[in-house]
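Should a chain be cited, it is by its letter among A, B, C and D, assigned in written order, with residues numbered from 1 in that chain.
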Amino acid sequence: MGSYVLKRFLSAVPTVIGVFVVVFFVIRMIPGDPAVSMLGSGATEAQIQVYRVKYGLDAPLPVQFGIAFRNFLTGDLGDSISLYKPVREAIMERLPGTVQLAGLGVVAGGILAVFLGVAAAVFRGKWPDLLLTSLSSLGMSLPTFYIGLWVLMIFARKLGVIPVLSNARGVSYWQSMFGPLLTMVVGETSLLTRTTRSSMLEIFNEDFIRTARAKGLPEKWVMFRHALGNAMIPIITVTGYNLATAFGGAIVLEAVFTRNGIGSLLIGAINARDYPLIQGAAVVIAMLMILVNIMTDIIYGFADPRIRVSGE
Amino acid sequence: MQRQNKKINKLLGFLAVFAVLGLALSGCGGNSAESGGNAPVSADAAPGGEKVLRVARDWEDTSWDPVTFTGAAQLALTPQIFETLCKLETDGSSSPLLAESWEMSPDGLAYTFHLRRGAQFHQGYGEMTSEDVKFSFERNLDPDTGSIHAETLNLSNVTSIETPDPYTVVFNLASPDVDFITRCSQYSSIIVSRAAFDAIGLEGFASTPVGTGPFAYDGGTPGVKTEAVRFADYWGAAPKLDRIVYTIITDSNVIYSAFENGELDVIFVYYQDKVNEYEAQGYSINYIPSDQLLYVGLNAQLDPWTDMKVREAFFHAVDPQYFLDELFYGNETFPGGYIPPISKYALTDYLKPGYDPARAKALLAEAGYPDGVDVTLWCVNDELSTAPSLIVQSQLKESGFNVELQMVDFGVFIDQVRGGTAGMWLLYNSTPPLADDTINRYTSDFYPGSNWVGVTDPVYDALVAEGLDASTEEEKTAAFEEAQRYFLDLKALYPISTYGYHFITQPNVTGAKLWGDLALHLNEADVG
Amino acid sequence: MRTLLSNKFIMLGGAMILAMLLIALFAPLLTVYPYDGLDLANKNQAPSLEHMMGTDPYGRDVWCRVVYGSRVSLMVSFAAVGVAVVCGSVLGIVSGYLKGGFDLAAGRLIDIMMAFPSLLLSMIIGVALGPSTRNMCLSIGIPLIPIFYRVARGAALSVGERTFVIASESMGSGRFRTMFRHVLPNVLPQIFVVLSMGMGGSILAEASLGFLGLGIPQPTPSWGLIVNEGKPYMFTAPWTTGFSGAFIALTIWGFNLLGDGLRDHLDPRV
Amino acid sequence: MADNDYLIRLEGLTKTFSINSSRGFRSARLTAVNDVSFDIRRGEVFGLVGESGCGKSTLYKAALRLIEASSGSVYYQGRNLYEMSFRELMKVRREMQVVFQDPYDSLNPRMTLEELAAEPLRIHKYGGRARRLARTEELFAAVGLPVQLIKGYPHQLSGGQRQRLCIARALSLSPEFIVCDEAVSALDVSIQAQILNLLLDLKEQMGLTYLFISHNLSVVRFVSDRIGVMYFGRLVELAGKDELFDHILHPYTYALLSAVPEPDPGWIRKYAVLQGSVPSMLRPQAGCVFHSRCPHGDRLCTQTPPELRDFGGGHYAACHKAGELNLSLDTGCLAEKG
């Protein structure tokens, strides 16, 4: 098992390097010069030149790439142009916000979805199933920002339960998390309910369920110990991959709920053409996504010996 | 049956591990997020009735080093922390601030400042002396500070800065500079502490401001939130507020709902209808005559604008009155010149709106475009520029200009205009209180970097040079006005309207004052 | 039982999509006011008899904007998914069939694409290429490629083992001819199922990019843009964002339902 | 046997696969075909038998160069396939066709029967549409398929009819050499006989040469002129059909042939059940591959691998003790019923 994990991490190294190289060149295709973006439309030619020299932007592209790549390999992500501080520090400040939002959202959504999924599977074909299935596919269709805006409107403006500014003073941690969490849970639950339902249905046709019932076990026991136990594997896998895509959703959520996670950091960096910060943030997000995928594969491997042996 | 249970326990165990992992991630995130700025302090007014003013803005300079400040209008917290030698009044005159008094030598080549005694720097960096003033000006010349103010301060004209005693500074100039005092009251001439620089260096200056102002920096995350607390040993009248909290919110929509929810005290509003709405609801409205102008520029080097007739036709195709009535509800005026009225030397009544679509069509026909001409209008894709560009598009259509809109990201827009490839563009142009730079930028040697209109006219260059070298204010004013008249006759830039915005405060907020540098100073502000 | 349920989804989803297509097609007939232009005098008016869905911040009728917006949004989404399907399937089939070096290289490229959240990749590509309707197809399409790549590769791997493919090779058919004549036709049904999911994702991406202000530029009306225009007045004039958001959600819902129905129908296991 | 009247000659053909196990990074090597050499004469039916998994299929794929052999060469009408360029190989492939085992899986479900039959013609650009159609109808007749089915789809045919279509497809370019890989194993017995007779008739009419691969000994006995026996990737015995059944030289062949059920109820057959374990492919043993299961094995067998020696009359065997053992089927294991 150990070597399987090692192999997965080693195979992730070229991907991360690939991400760095791709981001480095693609963002330099973006028209607009970081110096000008920072100095505004009134900047004179001389001012811009001073700025470019200071951040090594005037060096030919391959030279810039050589320097950036060597630093990257030694773990130094360089200094942010717009935030005047090391990129690593800027990212580490904002990372917990996004990770905790994505983590909590997916886990809470997952737990809720397991129950809804089981209910939909049990009442297959009857009205609860139709209702839950349609609602969940509606939940998947609503754009994240749309749900977010309405949550903000209802809970912050009309009910005043939570503050509009989640990072204002005197706002408790849970108050600031309520809005984005609720929005995320709506999305995540819809995704997972359908997975739970289909994997439960699949399990129902298995023989060992019929034998369990034949032995006269109480229905509840059959449902939770046998059916759900085996249905957990696909559920865990989808939960893992949802965690990876949840980072994408966080970008939009942070714009709606003024949460200062890595998503809003990245949007600001793109507008300011802050090359080092964009590279740093993109690479960190990529590493997070890969880490989550590997963790999910490992848990998937543990949970289902068949997969581990064949070492797909 | 036994084996079955073991398997399921293992699986449920994994789910538990996964859940705990998720929570742990968020848990550990939880406490660091707490320290990261949204500290769960209890009720808003801290214990002991501390007076807190909560200001919000949609953008800020993210470095505190004065050498990087680019414009007066955007300053919000900086004016409370930093100070300059002189204070620029709204009528354009300068009054004493860090300098108690000053005098100019008869030949105008030497200015002597007598500094205030006992002005302390924040964070215990001691009293401000002439050494600090000399350092603050000369550091702009040092290349690795990356300062962009050498030009605006006209430092090339300063031959030397002497400090005969700790409280006297003498500036020797190569040639007389009529506006030297005004330059010393601008954000580009902020006085910083030499001792602080020796201690924390450039990086330190970027992350922690050390000034002499009424409020001192008290931590925060750039681009997110910053706080300033009352400076106990401020030299001047002690401020009434205990603390200012200054938050960056990019989504204007969120700023409004937070303000209406009572979570913010002072906000800046750019939309006139929103201002009217707040006025109706009894909030106090304060107009800031901004140093910005809404204008449409034409690149005289690109077709079809090379032809004077076409440019003239354009001038007859735009109706500024529609903008003033429908977009700005009468709060703005037609500038009549390309320098904002509040700037010194601005020529404000030369250009007259001549909206006459028929005349425009006739001119186009004469210029060889009987059935209209296709042109492209470049503008920035922010909420501010959308409405005006649509108006320009629809108005020009009636005069035979079929306008294709190119609404692009700010970086792309700047690339186009600086590269000299944009034929026509719409922008809010900002001009510092001293109009020298703006007038100077349209001279030939600034083409195409800053001189986007492509005017390379020796007559205009000569007039501008004459103004810059003038030794008396009257000469400078005369030369600059002549230059502006000449430039406007070239019809390469159509100023549509002045552009100001408002800062709106909760009814219980008083004493927020606006100085000549168009920045909001909270020395006397109070939360009633 | 299963087919009835899945047919119901197919019918429901299909009906919604058909409605959207018809609206887009007969836009000129359904609209009274011009979708562009400017009428600041009556901006942000509540829905009334005159303006069924009220007016937007520039005084234009929201219903007309949304109807014309459906044209651009659907076209961009179809084009984006088109790009993704072609690239993803071709790469997937060649990887799955040829295996070896190509499979490794393509796999690595896809890994890199999947290392970005799709919205982030859309943002970076969108801003790099510059805002135009054509570039939007690429910036929304490229992040969808991995979805089709994985399905196509998986299918090509299994079809590649089938005897009639080996037979075709033994007859002297070149590898690319075999892929085109034998592997592709048998991979299409599985790609078709994922197609509707891709469409949903593409419309969602267009709307989200619009919301962040990085979507299709101002003059061309698209759903994402209308949402962005209505955003500043979200709480005082919610109908602009409300109705455009509803259209977006309905269309995505349609595609999701269609996708569910198809998967249940085609996939005997469930 | 004159040197050059063979149609196809295999010399030292070997094929090893590397399998990277999930355990770690060591990749194990599996030798599916180990140094096999034999000729197939023109117009002959060469039978190849062996347990499933002994490398029969891998051998024919390597022989036709559908997969690249690890070493050894294949001479087809005197020219080595492994020295040909890709283009030349494609041309030669016209003359070598394959009929596969599973009729349901060897026809692309999405192509009409006409397209399926005519595909080789299209690949090698054999004349226009009309000539192709004529040729297809001719083939349908040759294999006994009703011509009206031409527009139909594979799922409309029975197993036997599909196999007939496969044969038609194989014949479309009038090849010289056809490999039948378990061609009848998937069909029920009555249909098997029809297909076998069809194959033999076609051989006579068109002067074809077959490589007939199967694990079913009675079918191979019925069709073949000469039979080769494979075990564990090696050719252990090769002889004429009757010669092989009458004078068995290799113990494995004896065990294999003794397993053929005796049709005559009057006799009871004692089956030579093999003891010992099948060696693992991953760790090949020294010496004879069969020694672990061979009742007559001795020290010599465990050390040196036996060569394929000629015992006269075209009878070859790879066993140190070949000839010395009494392996006749009649005495060894047949006893009259009590």
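Just so it is clear, contacts are C-beta pairs under 8 Å (C-beta built on N, C-alpha and C of every residue); 3 or more make two chains touch, one makes a residue touch a chain.
No experiment lies behind these values; they were computed from the predicted model shown.
**Student:** Counting C-beta pairs in contact, pick out the pair of chains that comes out on top.
**Tutor:** Top of the contact-pair ranking: A-B.
**Student:** Comparing centres built from CA atoms, which chain ends up most distant from subunit A?
**Tutor:** Relative to subunit A, the chain with the farthest C-alpha centre is D.
**Student:** Take the average of all CA coordinates in subunit B, do the same for subunit D, and state the distance between these two points in whole angstrom.
**Tutor:** 86
**Student:** Where the CA atoms of subunit C average out and where those of subunit D average out, how many Å apart are those spots?
**Tutor:** 52
**Student:** Just how far, in Å, is the C-alpha centre of subunit C from the one of subunit A?
**Tutor:** 21
**Student:** Report the inter-chain centroid distance for subunit A and subunit B in whole angstrom, where each centroid is the mean of the CA atoms.
**Tutor:** Averaging C-alpha atoms per chain gives centres 36 Å apart.
**Student:** Mind pulling the subunit A residues that touch 2 or more other chains?
**Tutor:** 30-31, 157, 255, 267
**Student:** Of all residues in subunit D, which are in touch with two or more distinct other chains?
**Tutor:** Not one residue of subunit D touches more than one other chain, so the list is empty.
**Student:** Touching two or more other chains, which residues of subunit B qualify?
**Tutor:** Where subunit B meets two or more other chains at a single residue, that happens at 251, 257, 409, 412.
**Student:** List the residues on subunit A that touch subunit B in their complex, please.
**Tutor:** These residues of subunit A touch subunit B: 30-33, 36-37, 39-48, 50-51, 53-54, 82-85, 93, 95-97, 99-101, 103-104, 106-107, 110-111, 152, 156-157, 160, 163-173, 176, 225-226, 229-230, 232-233, 236, 239-240, 243, 255-256, 258, 260, 264-265, 267-268, 271, 273, 295, 299, 302-303.
**Student:** In the complex of these two chains, what residues of subunit C are touching subunit B?
**Tutor:** 37-38, 40-41, 43-44, 57-58, 127, 130-131, 213-214, 217-219, 229, 231-236
**Student:** Report the residues of subunit D in contact with subunit C in the complex, numbered from low to high.
**Tutor:** Interface residues on subunit D, with respect to subunit C: 64, 66, 90-91, 93-94, 96-98, 100-102, 105-111, 119-120, 123-124, 166, 169.
**Student:** Across the complex, what residues on subunit B touch subunit A?
**Tutor:** Residue positions touching the partner: 4-5, 7-8, 10-12, 14-15, 17-19, 21-23, 25-30, 32-34, 36-44, 52, 54, 62-63, 65, 68, 70-71, 143-144, 146-148, 150-151, 203, 206-207, 221-225, 245, 247, 249-251, 254, 257-258, 260-261, 263-264, 409-415, 417-418, 427, 429-432, 437, 441, 446, 449-450.
**Student:** Please name which positions on subunit B make contact with subunit C in the complex.
**Tutor:** 251-253, 256-257, 271, 273, 277, 326-327, 381-383, 386-387, 389-391, 393-394, 404-409, 412
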